[in-house]
Structure formats: C-alpha cells, structure tokens
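If you scroll down you'll find the structure; I have some questions about it.
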Amino acid sequence: MKKIINDPNLVVQDMLAGMVAAFPNDLKVVPNTTVVARKDAPVSNKVGLVSGGGSGHEPAHAGYVGQGMLDAAVAGEVFTSPTPDQVYEAIKAVDGGAGVFLVIKNYTGDVMNFEMAAEMAAAEGINVEQVVVNDDVAVEDSSFTTGRRGIAGTVFVHKIAGAKAEAGGSLEEVKAVAEKVVANVRSMGMALSPCTVPAAGEPSFVLADNEMEVGMGIHGEPGIARKEIATADEIAQELTQKVLDDIEFNSGDEVAVMVNGLGSTPEMELFIVNKKVHAMLADRGIKVYKTFVGEYMTSLEMAGCSVSLLKLDEELKELLDAESKAPAFRS
Amino acid sequence: MKKIINDPNLVVQDMLAGMVAAFPNDLKVVPNTTVVARKDAPVSNKVGLVSGGGSGHEPAHAGYVGQGMLDAAVAGEVFTSPTPDQVYEAIKAVDGGAGVFLVIKNYTGDVMNFEMAAEMAAAEGINVEQVVVNDDVAVEDSSFTTGRRGIAGTVFVHKIAGAKAEAGGSLEEVKAVAEKVVANVRSMGMALSPCTVPAAGEPSFVLADNEMEVGMGIHGEPGIARKEIATADEIAQELTQKVLDDIEFNSGDEVAVMVNGLGSTPEMELFIVNKKVHAMLADRGIKVYKTFVGEYMTSLEMAGCSVSLLKLDEELKELLDAESKAPAFRS
Amino acid sequence: MELQVQHALNWIEKTNEKIQTNKDYLSALDRAIGDGDHGLNMARGFQEAVGKTTSSSYTSVSDIFKDVAMTLMSKVGGASGPLYGTAFLKMSMAVKGEDSVSHERFTKGVEEAINGIIQRGKAKEGDKTLLDVWTPVLRMLQEQSDFEADSLENTAKSAMESTKDVMAIKGRAAYLKERSIGHLDPGSVSSYYLFASLAEVLKEGE
Amino acid sequence: MELQVQHALNWIEKTNEKIQTNKDYLSALDRAIGDGDHGLNMARGFQEAVGKTTSSSYTSVSDIFKDVAMTLMSKVGGASGPLYGTAFLKMSMAVKGEDSVSHERFTKGVEEAINGIIQRGKAKEGDKTLLDVWTPVLRMLQEQSDFEADSLENTAKSAMESTKDVMAIKGRAAYLKERSIGHLDPGSVSSYYLFASLAEVLKEGE
C-alpha cells in the first residue's frame, strides 16, 4: 500500500483539517465531530441539507458543502457509514428552523445510521425528512433485498435539492424535488483496478491484467460481473445502455450527463468515454442539456468510471443551473 | 497497461472530441487541428492567450480555455510538445487584433515548437509575445542547462495572465503580469507510482513498494532522487521547504497555495498534505490568501503530488480572484 | 447460574480479544463479499467498549450492556454499528431492574435484541446476516432452562459456518447474488466470537 | 559518387525502416532518462515522411529534403521534431540548385544542419544530445573528399556509443544530472540510424 498519509487511523481527521484549512471562509468542522458545515450554518429559515457517508469518496461529500448545495456533510471512517451521533451533530448544526433534509445513499449502514440520527433529532423537536438515493442500475431494484445502491447520481440530488433549499423551498418542496431527481437519475460503473482502505492495507479485490469489473459500487465491493477488458466505446456502450434501459428515455428528452472518475482514471479517458455517451444519446434523439466530466464520487484510488443520466424537466434544469459555491461544484 | 481507450494512437483525437461534446457552448476544436479554442474566439481587441503542450496533463491545458483564462490550448501527442504548425493554427484562431500571448512551459521541445510558431506568426504580421514558465525548484536554474521545468505553477500564469487579458490589458501588460507570476511562483513534486503512455504501453519507471521519487516532472521523467517512502507530513515538509528556500518569503507575505494531484492520488491525501503545508506557512507567519487542492496539472495516472506557492501582491490577488469560466477553473 | 456484573465485564473483554486477534480475518471476509471494513469497524468499537467498561464501575449487567450499546453505536458505524448497538441496547433494557441476569432473562434479552436487529435491518433468518447466528442461538437458549456453555459455542459455531452456503439477500453482499455463495458472512463470524466468548465466561464462572 | 534523387529517397526509406524496427528500443532509452516518447515521435514522423516522399516525384535531392523537413516538423513534435526538421531544412537549402549532391555539398549541408540545430536547441557538443553524433560525423566528412560508407557508419556508431558515459547538460535528461550517466542518448541513437542508413545507401549505390 502506497499512500501519502501520516497514520492510517487518522486519515479522516487529517483530511478534514486540511480541507477546512483550504477553505477557511467557506467551511468549518463542527468541534469534536467529523462534520463539515457551511461556515455560516445554521442559515436561519432555510432548510438545512445534510449528506455524508464513509470517507474515501472525495470530493464527496464535504466538497459539496457550500451555498447552493449542502449545509453539512458527515464523514465516516473510510467506506464506513458515519455513526448516528455524528449525523445528529450535523442535523443540529444546520437546523435553522425550517427543518433538515437528509440525502442518504442506499446502503444498509447509511440508511440505519441516518435514520437513527433522524429519530434522535425528531425527539428533540427538529423536523427531519430524507431521501434515499438508489441510482445504480447494476443492482436489481427489489424490495426483498437491500435494493439498489446510491452512487455518483447522488451528486445531482445534492445540487438540485441544495438549489431548492437555497431558493427558499420548504422542507416538503425540497423533499419533493429530491425525490424527483431520484426517480429520474440512473448510473452504472466499472473498474479496471481496486482500491486499498488505508487501515486495512489490502486491495479490495484482485483483477488480472486483462480483466475489468462491471457494475462496481463505490466502496471496493466487487461488481456484478468480471469480464475481459473492453475498449472505451464498448465500456461506454455497456454502461449507458444499461442506464437507458432502466427508465424511459424518449427522443426529445433532455438529460444531464455525468461521466465520473473513480479515482485514478485520467481525465483523458473520461472524455473518451464521454464522446461515445454523447454519440449514443444523439443516435436516440436525446438532447444533452449539460455534461459533467471529472471526479465527483470516487473510490479512493480505484481506476474506472461511472456514467449517470438525469432526465430533466424545466424545474430540474433551472435548479441544476443555479449558483453553487461548494468547493467541488462551482457553477 | 489498463486504460479506458479505443486506439492508443487516437487518444488525443478522441479526448478532444469528448471534451468539446461536453462543453459545446464554450469550446470548439479548430477544424483539422488539435487546437481547442473558446467558442467565441477570436475576441476582437482582446489579447489572445495560447498555451498547450503534450497531452496527458488534463485538465491542462484545454480545461483552462474559457472566458477569463486561455483563448486556446494546443494539444500535442501524449507528453510530446505540439508541432509548430498546430501552435500557429492556435495563434491565428485567437488573434483578435490585439496580439497573441504564448504561455510556454520550459521544456526544450515546447520552447522550440512554440518559438517556431511565433516566428511563423510574426512573418504573417501577428504580434506575438511569450513567457516561459519554470517553477520547478527540483531542477537547478542554470543558464548553462535547460533550466527549470514548468509544472503546476503554470496554471497560475494561465489564470492571472488570462484575467489581465480579459480585463483589456495590452500585450505588454499581459506579458508583464505573466512575468511577475513566473518570478513569484515555485513548485516541487514527488511520485509514488509511474504512468504509462498509451502508445508506449510501458510504465515510465519502476518503483519498489517502499520507494518514492522526489522532484518529479510531469512527463514520467525520473525525478531527482529516489527515497524511502515518507509520511504525508514529511513529504509536505520536504516539498514546501524546497519551495520556501528558493525565493524570499517573509512573515506577513501573502501567498496562494496549490496542492496538485498528479493523477491517481485520492483527494483525501492531497488534503492531508495541505494540512501540513498550511501549518508550515502559519509557523513562518506567511498568510494564505487562497488555496487550490485538486488535479490541475497531471501526469496521466501517476500517483503523487506537487506543492506550489505563489507570492501575491494586490494586483495578483485581484487577477487571481477575477471570474473565470474555464471548465476546469471556475471562480 | 446467573450472569453477574463480573461475567458481563469478562464477556465484553473476551469478545474484544477475539475481535482484535481476528481483525484482519474479519476484514478479509468482508473484502470477499463486502467492502472490507468489518474487522476494522468491530475492532474499533469493541476496543472503545472495553475502554469504557474497564474505566467505569457497575452494579448491574444492564448498565454494562447500555454502555456497550452506546459505545458501539457511536464508534462502529457501517451496518454493524447500529445492529450490534441496538442488540446491546435491547438486551440492556430486557435485563434491567436486577443486578444479575438469569438464563430466562438473558434469553428474553436475546429475543429482544433480535427483534431490534430485524426492526433496524429488515432482514430475516437465511438472508446471510448476523441474524443467521443470533436466531439459532436464541432457539437453543429457548430450548434450555440454564446456561450451557458447550451447546452455546457449538450452536453459534455451526450457525456461523452454515452462512457459507447461503446466498446473501441483505447487506452489501446481496449485490453479489450467487457470487456471495461460498463465503462466510463476516457479521456472523463476529457474532460467533461474541457467543463463543460468552461460552468461555460461562465455563470459567461455573 | 554523388547523391542522386533515388539515393536520397532510399536514405529516407531505410532510416524509416530502422526507426520502425527500433521504435520500442528508442522509447525505452528515452524512458530511462527522458519521457519515453522518442521512438513514438520518430516513428510517427518518418512514417509520414516516407508516405510523402513515396507518393511524390522529385527532380532534386533538395526538394526531397524539404518535404522531409516539413513533414518531420509537423508530425514529430517534442524536442526532436524541430531539430530534425531544422536539420533537413538546412540541408535542403544547402544542396539547392543542383539535382544531385556532391560530397562537398553534402558536407556543407551537414554543417548548416548543425548550425540550425545549435541555433534552435542552444546545445553544444558534449551535452549528450544528437549533436554528439552529428558533429563527429561532420568532422569526418570534412576530413574526406568523397563519401566513405564504412567510416560514416563507424564514426556515427562510436559517437552514438560514447554518449553513454556523458552527463546530460541539455534536453530532458539534463534534469537527472549524474543519474543520466550510463545511458545512451536516444536522439543520438536515432541519429546513428540516420547515418547508418546513409552508409547503406552509399554502399548499394557504389
């Protein structure tokens, strides 16, 4: 394991300190927590937006804290959902009287920990609502199982729900628009190489030189299939087709595209994938309203990418375009 | 070699197509060239800014094309300086009548190819000036040798000279401020792992599990020393100290900090490095005006980072803060 | 016999020892079908729990369980944190009011713990989660009228082992579907350590 | 003998063959002390150059050299593109006005090429660049009055080999300082291929 770290057990703490040092006017760490909040939190009479999850997905989630996006992000240990007390601290830190909205990625741990925090907050009289993001079409959507995971599409929820809250939306309105995003966003990913959790010191899986893993999560969990490595066009084709098959996309629809790098994929390769994604959408008469190419939801130093599509309507377009001052999402 | 590409010989072409597909309202490829230019280039009566170099440094250089930054970026083959005819195409594409300014990184190839293009442009009556960026303190600054390399600090030149040009600065003024940045910016890098040029298929060097390479360039060239891998604090200390030793920094000085990832370093690690850089500057009474943490000037999928410091005065601060609409540098 | 305060303290300490010793093993199990942090999570949580229980003084088992619950809840994270935390909290509530714990009360505690786990995690026996150890243990406890260390250890062990042949329905391993077959469930292994430690305490206490 | 159009065409073709064959070797040399693209650069450039010369018809060596110069300039990139491009451009100018090229004219051409390389690259002999092959070759040419294939081949070869023991002052390898010692200069090796190819052409043409 080669990493630029001090102590494998202190990576989260060190990272948060380095992050707040970088953006001292915009971000703060809530004392004695792993919560990064807007410097001006709580913003009174604004719905407070909280997200978070395990660390190792940077810039998610703290990079999305800022005016127009999240009010706070809770950082768990690497790939480990944060604990309820930390989420509760975040809720308290951003509660400006208009309620707090939680954006949760659909993992058993995240759902449980966030829900427990929500119960604690409710017991203190704070109005809390939530959405569970499950955009990963690699996984079957079944109520009998854990259901689909939340991956890169979550960033669209942060952006759009954040814009709604910033514009003065009520807790119900924020929830409604977040649910609309969840209903309209789908993603799928693949990996060429694994990642190593610092405290574990072992790669999450082993791939042969000619292998790729398709249907990756973002925690180094194995994907749904292991295959011979394909060309960028074939990879883009496979991911995008799975996404397109999952919800109805019609000619004339407008979408936002996100080609997300998992950590060590050169941007060059993401743009090569993007070329094919656009070609496929053009073939189907689907109009791309906006494209995001880069590292939005990573898996430490994993090599690979995901493709997300968000079907847009006028409301979503406007909120997607609204100003954001989050360090990792300037618009 | 594991890469998400189609044909190793077409990566630059595919990338540029994917890039312009992502930002169709902002960027264009000048037909039959590898030049990415502002959609509205040439902007009349504005000094046109051209930079570029080998590919594989994404988001450099095309990611910095946009209002407030570069007018065009010329992409060479991976790690290979673009040819004079391509640079000349860029110059012609951005010449709005106020002259064209070239930002060149100090590598023999870049300097020669850009200068030849400048000669071609001069022969056509276009007013061309240039600056050669040489911020890498790992390399000795000697007029008998090739001199210092240009690395991540170059992005500050793009930003500040770009803002000056956008504000209506004359060719001389743009040149003067670019030279001021070059005089005040210093960088140094290190790597934990090499990168592989797609068409070559072999890693640029081999490091043992416990080794790091210090004083890296950004083309997979070996650095100046190979050492046992150190902690993030030690690495930050070594890079930052070398930078601080190179020009006078006094207590009370204001600086911009850039902690740049070389390609596959998780952002988490960059923030851990940033923490130490800030601590060192605070110890010396040096004030951090603004911090940039992320991938600004990469080396394909190399793991490692560089630290850059730019000493600021009022003019540089204002230009650094000025609006930029380049995809990879929104402010 | 009844579980005394010292038994409960020893239980937590022994569990912690086993988890620290097998930390890498638990993480390796989780790497195969999950995200590789189960050993780290449990080791972090139980280390803290022992830190808490050894630095406090107790007059009831219920209070010990409560402190363990709170510590696990705030230190483990992931899926296992809320689940183990809830389990200990429910056990704490079930054995409240008396200093030591009878077999009957303990059995009730495990039953409540399982209810809590199900309520939180929405899994059922056979989904390849730690319930696949807890539920057989409960059945065994219900069939007996006093603590029986050996059958506790044996039941937990064979229950843990049989998670290997099962396809995961809940938890992170569920994403793998058929590919999850052939691997032990990490949470079931840590639960086995928990009950095996209890068995050891019972033996020493006899 | 004089260099005829066909000789010049053969020269470029043979050079290209050697470069294509040794493409990976040249890149590997460049990886050791540079950025690993010299083989790629030269192979791309000479492939195009041959494409150009074989699809055109020429009445003078000068025109061939000019097309080669232009192609290399616009296809190679890096440091070697402008340098080889300039070299061929200067040679083209020096041998202009006559269909074929005498030894004397060719010698003058190489001298002008070197001047061009120096003007562009600001290096001097001994800096561990391709000048370390071109300059000894020029001296050898100046000492003789007619083309001598064997001494051309030998001079270029030993000049190329002696770049190994030299510390780089210019080019990318200069960053390595002492660490550049012990490695051949990639540009000198490609220049050796160029002159070795010329030697072969001269032999065949005799």
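Order of writing sets the labels: A, B, C and D. Residues in every chain begin at 1.
Quick note on the criterion: a contact is a pair of C-beta atoms (placed from the backbone, for glycine too) under 8 Å apart; a residue touches a chain by one contact, two chains touch by 3 or more.
If you want to know which protein each chain is, UniProt gives these names: A, B, C, D = phosphoenolpyruvate--glycerone phosphotransferase.
The structure presented is a predicted model; accordingly, all values stated were derived computationally and were not measured.
**Q** Trace the shortest sequence of touching chains from subunit C to subunit D and report its length in steps.
**A** Minimum step count, subunit C to subunit D: 3.
**Q** Using CA atom averages as chain centres, what separation in Å is found between subunit A and subunit C?
**A** 32
**Q** Taking each chain's centre as the mean position of its Cα atoms, how many Å separate subunit A from subunit D?
**A** Centres of subunit A and subunit D (C-alpha means) sit 54 Å apart.
**Q** Quick check: how many Å separate the C-alpha centres of subunit A and subunit B?
**A** The mean C-alpha positions of subunit A and subunit B differ by 29 Å.
**Q** Any chance you could list the residues of subunit A touching two or more other chains?
**A** none
**Q** By residue number and range, which residues of subunit D touch two or more other chains?
**A** none
**Q** Let me make sure I understand the interfaces: which chain pairs count as touching?
**A** Final set of chain pairs in contact is A-B, A-C, B-D.
**Q** Report the residues of subunit D in contact with subunit B in the complex, numbered from low to high.
**A** Counting only subunit D, the residues touching subunit B are 24, 27-28, 31-37, 39-41, 44, 73-83, 120-121, 169-172, 174-177, 179.
**Q** Tell me, which parts of subunit A touch subunit C in their complex?
**A** Those in contact with subunit C are residues 54, 76-86, 107-109, 112-113, 116, 138-140, 144-146, 149, 197, 199-200, 202, 204-205, 215, 217, 219-222, 224.
**Q** Which subunit B residues qualify as touching subunit A in the complex?
**A** 2-6, 11, 14-19, 21-23, 55-56, 58-59, 63, 192-193, 209, 212, 229, 231-233, 235, 257, 263-276, 278, 288, 291-293, 295, 298, 300-301, 303-305, 330-331
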